[in-house]
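Below, chain A partners chain B and then partners chain C, in two separate complexes.
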Partner chain A sequence: MKACIVTRNELTQLLDRLISHVDVYAPVREKGTANWAKISSVDEVYLEAVNSREPAKGFIFPRCELLMRFDKNGNPIVPAPIQEQILFGIRPCDARALKVLERFFVQDGKSDPYVQRRVEKTTLIGMACNRTAPTCFCFALGNSPHDTEGLDLLLTEVEGVFLAEAVTEKGEKLLADLSPADETVLRKRAALKSKVESEINERFDVKKLQGKLPQLFKHEVWEVLSLSCVNCGACTFLCPTCHCFDVTDETMRGKSARYRVWDSCQFTLYSRHASGHNPRFDSSSRYRNRMMDKFYYTTEQVGLISCVGCGRCISACPAGIDIRQTVAKLLRIIDGMGK
Partner chain B sequence: MSRTELLRKRANELLSQGVVKLVLGYRAGAQDNVAQPFFATTPDQTAELIFDSTCSPNIANYLLKVKNIGRVAVIAKGCDSRSIVVLLQEKQIVRENLYILGVGCEGVVHNGEKSVTCKACQYPNPVIYDEMVDAPVEKTTPGPQVLKADDDFDRLTPDQRWQVLSADVARCIRCYACRQACPNCYCPVCFVDASTPQLLGKTHNISDNMVFHIIRLLHMAGRCVECGACHRACPMGIDLMRFNRRITKIVRERFDTSPGVDINSPPALTRFLPEDSQEFIK
Partner chain C sequence: MMSNPYLPLSMRIEKVTIENDARDLKTFDLAFVNESDRQQFQFIPGQFAFLSIAGTGEAPFGIASAPHEPLVKFTVKRVGVFTTALHEMTEGKIIGMRGPWGNSYPFELMIGKDVVIVSGGFSFTTLRATIAHLLPPKNRLNFGKITAIYGARSPGELLYKEELRAWEQNPDLDLILCVDRLNGADWPKREGLVPNVLKSVAPKAENAVALVCGPPIMIKYTHPVLAELGFSPDRVFLSLENRMKCGIGKCGHCNIGPKYVCKDGPVFSYDQLLNLPPEY
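Right after this comes the complex of A and B.
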């Protein structure tokens, strides 16, 4: 695929052109950090915070989505079609996460039409990370801060200019009249890549983890690990791949609406049966479910681990729980089992 | 000996002498983020205990998790001890099952700076304890004061105030980290989780979000000790202390009391005094 050099001016022009006819979203300043918002000018883009407070999952899987309206006579009123959208400055971990979500929701013969149409209408212009936050660990899982998975176009800042690499045809179209990148830039970028990767020291054997996790289902470690957990939903709601939802109907003055809203396996209500029985009645079983889901259940379902190493669950946890420490502990137990 | 060393020594002794079954404190958390509440059950584990400005979760919250295992030592700073008082007054925990290791606190960190609650802290030292681990710290803030932000807020018209609050609360993702981080939010079934019948909508429209926050706030009136655990827990950075400061101020002005300070003074809304203002009775 095509790789080009884009100067700051050219990037501004490109974005201005896009903003004039499509909804463009990017990380902007918000309460001391960055978060996604629709932008009307390039100047609003804020990429200093490494990553945005919230992941990009809401763009294809909104936290509250109107599925349909229906009136007293039962006639469904289908909501208006959604708009084309461009996400500018999405980080490689979050783009990978959207790909993971897509694997869950868009499958041959059983696709979720709501997520599918959003995926189809979304273009992802990624920005490679040239530095990491203390909570970043994508590389520990075998990914890279310069990955292109899930993106349409990846930008990498190389000495004041941007190397733009098309990943899909959608991305290539954006580069139509730009000059191709030369060898020097590609070499400099390779150096940047290995430098940023070296900032992340942990390495997790995720294959081993997914293979052995089922054997830890009844292990006492979950009791210990979950002691400090307060069972809020901050980790799951800020997780770029957590995708559990609840469906709820609301009726007002004879008109009803059906919504899909995010739900979290950390909530008691999540697993409570109509009978009142709750198979995940305690903190440790809910904590276990989250870890099992990230590193084992989803590998069974779609062949992917569903942790991308963005670190949001670490920085959002009100109890200072670090998923890296949990994974390391589980791996230590697994290593001990073999002996 | 440093405070952390003294703390480890005493915790170790309490466990080895069998005075307590468990020591509830903190150990280092992720990076320089937030210390992790830690449950030491053997003397060796006390080597992991720390106490510093990252120890921001309200530790009283965790007493409810271990209330049935016997006597527990708990490392408590000023605000934690006030929450313990509230929990004792509300009969959620038993004094005999507690051994409070008091620590003076110079304030905890939130987003790289001193937490907003700590900047106005009136009780840096525990109000109740079995022993102080170290000498009490000196209180550096004057008496209750109105923050400039609150003063500015008060000058707005009711409509403007509603707009400011709505804009903040609209960002709530209903993860309930605020509720879960609060030691005083211990209802077995929270009103937001009631499902038969459902009391609150699950969508994120502003009225549902606002109802959640206002009802939680009403439940906190006369009980909130302004520890700021909810404020720091919010992953969206919603200014929850703005709400909490307001109810605390109202309770202080109307009932001349602050929650969790005096174990013998019942919570404002659970008592009646003839001199309570009754202008609402017409």
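Right after this comes the complex of A and C.
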């Protein structure tokens, strides 16, 4: 696929052109950090915080989504589809996460039409990370801060200009009229890539983890690992791949509608039967479910682990639980099992 | 737009039947409002569907009718907001239904074999569908002896009482009814818990398939009896329920390990369940 050099001016022009006819969203400055918002000018883009506080999953799977309104006879009316949207400056970990969600919602079994039509209308322009945050660990899972998975176009800042690499045809179309990248830039980019990758020191044997996790189901370690968990669900809401939802009806001034809202397997009501019986009554069983889901269940369901190493669950946890320590602990137990 | 699995079909309530003495179990017989929906709605006993009331919500229930029956039947216990609203619905009202979801009982595997049905309480619904599906002559010839053991807490808690009376006279079916405790009730039939009755009836396991649906406690004590009778785990099938919201394997709620009750179940072989976490 095509790779080009884009100067700052050219990037500004490109974005201005896009903003004039499509909804463009990007990380902007918010409360001392970055978060996603619709932008009307390229100046609003804020990429200094490494990553946005919230992941990009809401763009294809909103926190609260109208599934249908009901007319006065109770017949459902489906809302109109969204307009084309561009996510500018999405990080490679978050783009990978959208790929996991797409696989789960669209490609596995029955397709979810709401997610599907959002995916079709979304273009992802990624920005490679040239530095990492203390909670980043994508490389520890075998991914890279320069990955292109899930993206349409990847930008990498190389000494004041941007290397733009098309990943899909959608991305390539954006690069018309730009000059191709030369060897020097590509070499410099390779150096930047190895430098940023070296900032992440952990290495997790993910294959080993997913292979052995089923045997750890009844292990007492879950009790210990979940001791400080307060079941707030912040980890799951901020996780870029968590996809659980609740379906709920609302009636206001005689008008009814059905929505879906994000839900969390960390809540006790999540799995409680109408009879009161609850298969995951203990906090530890819910903590275990989340870890099992990230590194084992989704590999069975869609062939991918559903942790991308973005680190949001680490920075958001009010109890200071660090998924890297959990994974390391589980791997230590697995290594000890053979002995 | 592509087909939307969240959209309910319009159904008219044709008949409401109060099933038990406690009056918290009602059966709703539903007719399709649109003929095209009726033609498209193809299901196999064991599958379930969501019932929906606009503005109140929706919840999943096993389909209690057989595919050849003209109305779609659901038996619903009143426990929460949705089921209470549904119980207030009268004949002629329109509600929503979406489905059918999930797999079914293993009818292909059952061909040429004896069928043993074990059920307790109000979970008899999809097994009622199964019996109604097996009995017509066209299907009946494909299966061996059919034994059904169905128990409830008391005589008044048994579902579909009139139909049960007719089935007891049917030579194509060996139906054994039992109640947990008589408490002085007039009941000429068996008294005893389902697993114990199963043990005394002792259907033969050779070339047979067992279908089980009931409360967790019944299931727990039924397994050892079936094993004792010689049923191997791959010949015992259970229908499970877990909390669920979507029915198509997306909302996450009903997972048992990597499997979803809504999509990979609700019917699992005991063999499959032995290899899954006990989260049901």
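Annotations
Heads up, the rule we're going with is that the second predicted complex is superposed on the first by the 335 of 339 C-alpha atoms of A that agree within 3 Å, B and C clash if a C-alpha of one lies under 4 Å from a C-alpha of the other, contacts with A are read in each partner's own complex, and residues count from 1 in each chain.
FYI, contacts are C-beta pairs under 8 Å (C-beta built on N, C-alpha and C of every residue); 3 or more make two chains touch, one makes a residue touch a chain.
Model, not experiment: these values are computed from the prediction.
When both complexes are superposed on chain A, chain B and chain C end up sitting side by side without clashing. The vertex angle at chain A, taken between the C-alpha centres of chain B and chain C once both structures are aligned on chain A, is 90 degrees to the nearest 10. When the two complexes are overlaid on their common chain A, residue A:S315 makes contact with chain B while staying clear of chain C.
Once the two complexes are laid over each other on the shared chain, residue contacts for A:H277 go to chain C alone; chain B is not touched.
Once chain A of one complex is fitted onto chain A of the other, the partner contacts of A:V230 are limited to chain B, with no touch recorded for chain C. In the superposed pair of complexes, A:D43 makes contact with neither chain B nor chain C. When the two structures are aligned on the shared chain, A:D246 is found in touch with chain B and with chain C. The partner of chain A that touches more of its residues, comparing chain B with chain C, is C.
Touch criterion not met for A:E169: it reaches neither chain B nor chain C. Contact with chain C, but none with chain B, is seen for A:G109 once the two complexes are overlaid on the shared chain. The gap separating chain B from chain C in the superposed three-chain model is 5 Å, by closest C-alpha atoms. Residues common to the contacts of chain A with chain B and with chain C across the two structures: 246, 248, 250, 272. Chain C contributes residues 1-8, 10, 53-59, 77, 79-80, 83, 94-96, 215-216, 241-243, 245-246, 248-253, 255-258, 263, 277-280 to its touches with chain A in the complex. Chain B meets chain A in the complex at residues 29-39, 54, 57, 61-62, 65, 111, 173-177, 179-181, 193, 195, 201-205, 229, 232-233, 235-237.
Of all residues in chain A, those touching chain C in their complex are 67-68, 70, 73-76, 78, 81, 104-105, 108-114, 116-117, 214, 217, 243-251, 256, 258, 260, 263, 265, 270-275, 277, 279-280, 285, 289, 292-293, 296-298, 300-301. Residues of chain A touching chain B in their complex: 30-33, 53-54, 63-64, 134-135, 227-228, 230-234, 236-238, 246, 248, 250, 259, 261-262, 264, 267-269, 272, 283, 314-322, 324-325.
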